[in-house]
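Heads up, the next two complexes both have subunit A, just with different partners, subunit B and then subunit C.
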Partner chain A sequence: MKKLRIRSRIVVVALTVGLLLIGGAISYAQETETITITVRARAKPPMENWRGDNFLLAAEELNADLKTAGDPRRVEIELIQDNMEWGPFLSEFVLGYGAGEAPDIWLTGHEYIGAQAEAGRIIALSEMLKEFPTFNLIIDGLWNSTSYKGKIWGIPQDAEARPLYFNKALLKKLGWSNTEIAALPGKIEKGEFTLYDMLETAKEAAATGVVEIGNGFWTRPKNGPDFTAFYYAFGGETIDSFTGKLVFDRAAGLKYYKFFYDAAQTYGSMGCLGLDWSGAWHPGVSGSKVLFWIGGTWQWAEWAEKFLKEQGGESYMWENFGFGLIPAAEKGGKPNTLTHPMAFLISSQSKYPDLALALIAKVTNYGPNTRHAIASTHLGILKDQTEYKFYKGSRLLSETLYMLDYTTFMPNNPYWGPYSTITYEALAATVGGDFTPQEAVDFVVDGLQRELGDKVIIR
Partner chain B sequence: MRLRQKPRAALAYLALIVPSALILVGFLWLFITSFSIRTEGLRSLGWTLSNWSFLWKSPFGPQYPSIWWVTLNTLVMSLIMTLIVVVVSSMTAYALSRMKFTGRKSFLSLTLILHAFPSVTLLIPIYFVLIWVSKIPVIGRGVPLLGGLGYNTIGGVALVMVAFQLPFGIWVMKGFFDNISWDMERSALIDGASRFRVWWEIMMPNIKPGIAALSIFSFITGWNAYLIPLTFTAGRAGKSAVLSLYLQNFISESVMTEWNAVAAVGLFQLIPVVIFFLFTQQMLLNIYGGGKKGGV
Partner chain C sequence: MKRKKQSEEGGISPLSTFLKAKKWSFSRLQGRLAPYTFLAPALIVITLFFFIPLVIVFILSFTKLDITNFGILEWWRPANWSLDNYVKIFTNRFFPRILGNTLVYVALTLAFFNVGMALLIALITTHINRRVGFAFRALWLLPRITPVVVYIMMWKALAGPAPMGIINNYLLGPLGIGSGEYLLNTSPWVFVILVNGFIGASFGMILFSSAIEAIPKEYSTASKVDGATTWQTIRYIVLPMIKWPFLFVTTYQTLSLLTSFEQIMLLTDGGPGLYQTEVWALTAYHRALTSYFGNIQWGYGSAWAVVLVVIGIIMAIIYLRVFKFGELVQEPKIDRL
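Up next is the complex of A and B:
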């Protein structure tokens, strides 16, 4: 009897607690509304994971802000982050949008802004930005990369420089002294060491057997933004600031193609086009088989983490690799580099763009951005970030930040894709010896006019 | 006589062993590599279990889905696809094999034409179909485990895979039905059995090898599917990710591929197929014995 009474009491207590919990949950659900914000990011793991992971921390902060402000909404993040190739990554967004399932926040290359804005898949942010003063921290010049037709469509997420790397050990084999090697970045910056000086050195290295023929100077193995920096170096322009149309400059184009023709045919360089990235290109440059090469600052982390970890990672690299700007085309000219910022875009299908932007504001701050910058060796995007205690800890980031003063961008134009493809096809044919520089220019002019008509200005 | 037979048998064995050995060496390499730090040919330069660490932690970061979730997705998709393909193919093939109706031949030709289409040419029309399905309440996006039958769901991918596999399934099953004697079926019909009962109780038990063959082909097709899941789901690490997409996370265009880890995931991906094969091999071997054991 006594046992029965105890059991009854336990049952009553359990029921009461259960009812209270259910009641509490219902009451909380009525008071708050949980909203899922989908973030789609492309990141090379583990170096670039902070691109998306920062949002998980940001959501906690935002929820605290919302609670304090008496806003019943709470956010939870659905993060989709992988290292998909750019083509499928773009298709996925377009297909997802067509199905009404575009992510709220899409982190992508800034050059897609033009096409996506024209298609109405992303929203202009110019007005909304005013509500979040954090965005004033972003380096002013970077906004150019996310502007299109006078409006801002994206928030820069990271930046990088694309330096000319050189192998110190190979330069020493060529007879360069430590002082000469240390002075090289400065000479490049002053325009004293030009692109053709680089080719001469590369030729000498190949002739003396320091590197194999073809390995004096390498670019990336496939089409990409780096080539545009060379076209700029020879005085080329890609966009007409007045009309917003794409531009191809014949005279600059001729010099650009002549440089690559000479590099391959006369100076024994450019044995890189068509190589597999991970199978041949990275092992080539990180394995000290190449004297000069164009790469990105982010690749520093990849080499340290993936390719040279056993040799000592960064310390080995500081000993053996150096970097400077992409040299000027002519003596006394201005060297350059190219930055291809990633940008947060907000889909026009997002039901809560204000919350999406609030989350982006949270990750656009010294702490989160520096975490990503250091882990991935991307450059910071915020004013005075070099003064931030933890940013200062990265030697590479500190030593390459000056390059942003010389940086250039690709244009935000919806027709950049075919423009880039045609100009690269001509370059590949020139390097392969199938086109003379003039034939390459003619091919580009014909191709651009055929594909883009009056959407491109030929000068 | 014996002396003459021995060299013949030896030659036959040799002809079998040489190509089999090549395949076995491939599997052996896969096995050794998956447990090695590095390999030189078939020689391990150090043993490790670290390549298998994807079983208990995501190698790409905690935000990536667990391999077990991805495996469950793949299993559900492959099983659903196999089930539908086998049921629909066998029903359709039975009708095409045993019944006379207008348009029968045209239907058969059409299925063949459908099979001839490379899947890549149909991606866009299929996409629009999936979007349309997505908008149907519950079926589109509200089915537990499958997610639904629309875009970016496991069910949607399974549905598309079924469509691609059906022509093959129908033709294979029709071949099996064609080989079954009419007598048994006629006796059942005379005894008053319905067409459905004849199909289920008389015909189906007689084509078990065919069912096994189609099942394993469909299962393997679903299990290894890449293009369809890549196109109709979001991300290699999304909630609808399948194993073939997950494996691609190890093989990137611009980052060094860790082949030892790829070998381990590849081997892991192989396990269910081997198990499936072990369960169905007895029936598969009977295909060449002329149908059901004991003879039709």
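Up next is the complex of A and C:
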């Protein structure tokens, strides 16, 4: 009888505890609301995974903040990141928006801001930013890349330089001394080593068999931002600061196309257009078959991780590769490079833009940004980041940081896509010998006027 | 009279005839509706996924719908339609190159592989030991059943630069040919045709083989008795008797090649030089769906696709005339006796 009574008490206690737990859970669920924030990022695995992965850590921190502040909302992250091409990546966002399924946070190239802002698919952030002082850490100049029509539409996520790389071993074969090689970046910076000096060296390398014909100087194999830096080097402009319209400058364009025509037809270079990235381009430059080439700082990590790991990765590269700015067009001119910052944009379909921005604020800090910068060899975007203990650990980031002083950007214009397609087609035809430089300029002028009408200014 | 006879024989009389009839019953209605019920799913699928998209693509081809005005431009309004896209295509500086590439690609792949090689394999494998022939044909099916991305990766490995590239390393290198370049850069057309041809040949191979197997053995036996050579047997007995599959394979594969681009996209993406291996369907894809900076022009790309459809229809009509399709589908005269 006594045993029965004890059992009954245990059952009563267990039931009470159970009910309390269930009640507590229900009450907690009623008090808190879990919100899914979708983050869509383009990232090359494994180097660039921190672009999205940082949000997973940031969500925990934000939930702690929300709890402390008595805010019943909690966030969970739906992260989608892969290495999709830019064109399909853009289509996905636009069509996703059309279907009402745009992600809350879209991490993309800054040059899409103009078109998306005009279409109302992203929101202006200028006012909201004031609530998060961490955004003051971002280097002031980078905000230009995310501004459009006087408002800020995105938060810079990373930056990079696009240096002129050179192969030290091949220069030595050509008779250059270690001292001369070490002095090259400095000579480029002072404008003493120009683009045509580079072509002369490339021609000599091809003539003496140090490299094969076509391999003296390479650019990227397909359309992309790098070519714009060359157009700027010859005095070209892409945007009219007064009207905000795109600009094509005939005189600068002629010099620009003549340079690439000469490179391919006279100086034994530019055997690179149309190459498969991983099948031929990366093996070519990392396999010491090319003397000079334009690449990005992020490719340093790619070569070390994917192409030269067996040879010793970065230590092999420091021994064999060097880099400087893109040389000036003329003696004494200013060298340059181009930065293509990625930016976090918030969709106008996001129901909780405040939470999305709070998450972006969390990843815009020394720890998260440095993790991405080091793993992917992108440049930091924060003031004094070079003083941050862990950032200092990367030699490449430290040695290329000065390039930001010479950097240029692509314009945030909605019609940059057609502009870029037409100017690149002319370049590829020039390199292939289909167009003379003048024909290339005529083709561009005709194409831009036909495609964009009064949306472009021809000078 | 003829219709009544068909109905009596179990043929399908039109639903309208039934509705006009005086005596209705549920079971009779059910019987009359049954065939249409079976046809309905296919009709719905074709309408949803073929006719409606076709009409939309046709309308889009007259608009300037692109990534910059998506959601803004009311493309369905006739006020926003024009022939500008078609003018742009035919005045495009690279239009002759793209058209030429397409014709070369279709003609060479068709002649050497999709019909030529297919016929050759079918003839050989039906004239040797049956099991060996079957095994050989099964091998030729491998490119078709291999996922296209894997298949293209294999070809890239074959064409790779020395020392990684298999052809360079084990064939050209030992023979002292070339300097180990990436073969997709030096001979892109060879690979474009080989890659597509190896897949395409299997289709014709299967149809030709079965058609040859279906020819009564008596014919070839009789020809041998008459002293015909193997070539004469093929020329005067086999080829005339596989005329129908020959027409079908040629027509079908021409249209298929005209619209195919996925292998080329994965292999060369139209390069290595500017539009060097770019075919019509690939241009439509590039213009409508992809470009580096997202210069995506759905309207313009649709116009390229519509012109391709027109080219395909013209080609089909030409084939039907050349092969005298009408005569081929006539009822066999022997059945009238």
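One rule holds for everything that comes next: the second predicted complex is superposed on the first by the 441 of 459 C-alpha atoms of A that agree within 3 Å, B and C clash if a C-alpha of one lies under 4 Å from a C-alpha of the other, contacts with A are read in each partner's own complex, and residues count from 1 in each chain.
Assume a contact is a pair of C-beta atoms (placed from the backbone, for glycine too) under 8 Å apart; a residue touches a chain by one contact, two chains touch by 3 or more.
Not measured: the values here are computed from a predicted model.
S.K.: After the match on subunit A, would you call subunit B and subunit C a fit or a clash?
M.R.: Overlaying the two structures gives a clash between subunit B and subunit C.
S.K.: Go through the superposed model and pick first if A:W277 touches only subunit B, second if only subunit C, both, or neither.
M.R.: A:W277: touches subunit B, not subunit C.
S.K.: Which holds for A:E425: it touches subunit B only (first), subunit C only (second), both, or neither?
M.R.: Only subunit C; A:E425 stays clear of subunit B.
S.K.: Between subunit B and subunit C, whom does A:F292 touch in the aligned arrangement: first, second, both, or neither?
M.R.: A:F292 sits against neither subunit B nor subunit C.
S.K.: Looking only at subunit A, is it subunit B or subunit C that touches more of its residues?
M.R.: Answer, by number of touched residues of subunit A: C.
S.K.: For A:P414, select first, second, both or neither according to whether it touches subunit B, subunit C, the two together, or no partner.
M.R.: Second partner only.
S.K.: Determine, under the contact definition given at the top, whether A:R450 touches first (subunit B), second (subunit C), both, or neither.
M.R.: Touch partner of A:R450: subunit C, not subunit B.
S.K.: A:F323 in the overlay: touching subunit B, subunit C, both, or neither? Say first, second, both or neither.
M.R.: After superposition on chain A, A:F323 lies in contact with neither partner.
S.K.: Between subunit B (first) and subunit C (second), which does A:A119 come into contact with in this model arrangement: first, second, both, or neither?
M.R.: second
S.K.: May I ask you to decide whether A:E101 touches subunit B, subunit C, both, or neither, giving the answer as first, second, both or neither?
M.R.: A:E101 contacts subunit B only, not subunit C.
S.K.: Of the two partner chains, subunit B (first) and subunit C (second), which one does A:E302 touch, if any: first, second, both, or neither?
M.R.: A:E302 contacts subunit B only, not subunit C.
S.K.: Between the stretches 9-17, 27-35 or 63-71, which region of subunit B is in steric conflict with subunit C after the superposition?
M.R.: The listed stretch with clashing C-alpha atoms is 9-17.
S.K.: Need the overlap of the two footprints on subunit A, from subunit B and from subunit C, as residue ranges.
M.R.: Common to the two interfaces on subunit A: residues 85, 88, 91, 95, 98, 279.
S.K.: For the complex, which residues does subunit B have touching subunit A?
M.R.: 59-61, 63-64, 127, 130-131, 134, 150-152, 230-232, 234-239, 248-249, 252-257
S.K.: Can you check the complex and tell me which residues of subunit C touch subunit A?
M.R.: Per the touch definition, subunit C meets subunit A at residues 67-72, 88, 93-94, 156, 160-161, 164, 179, 182, 184-185, 268, 271-274, 276, 289-297.
S.K.: In the complex formed with subunit C, which residues of subunit A make contact?
M.R.: Within the complex, subunit A contacts subunit C at residues 85-91, 94-95, 97-98, 111-112, 115, 118-119, 121, 212, 222-224, 273-276, 279-280, 283, 414-418, 420-421, 424-425, 428-429, 432, 434, 443, 450.
S.K.: In the complex formed with subunit B, which residues of subunit A make contact?
M.R.: Per the touch definition, subunit A meets subunit B at residues 40, 44-46, 49, 52-53, 56, 78-85, 88, 91-92, 95-96, 98-101, 103, 277-279, 282, 302, 306-307.
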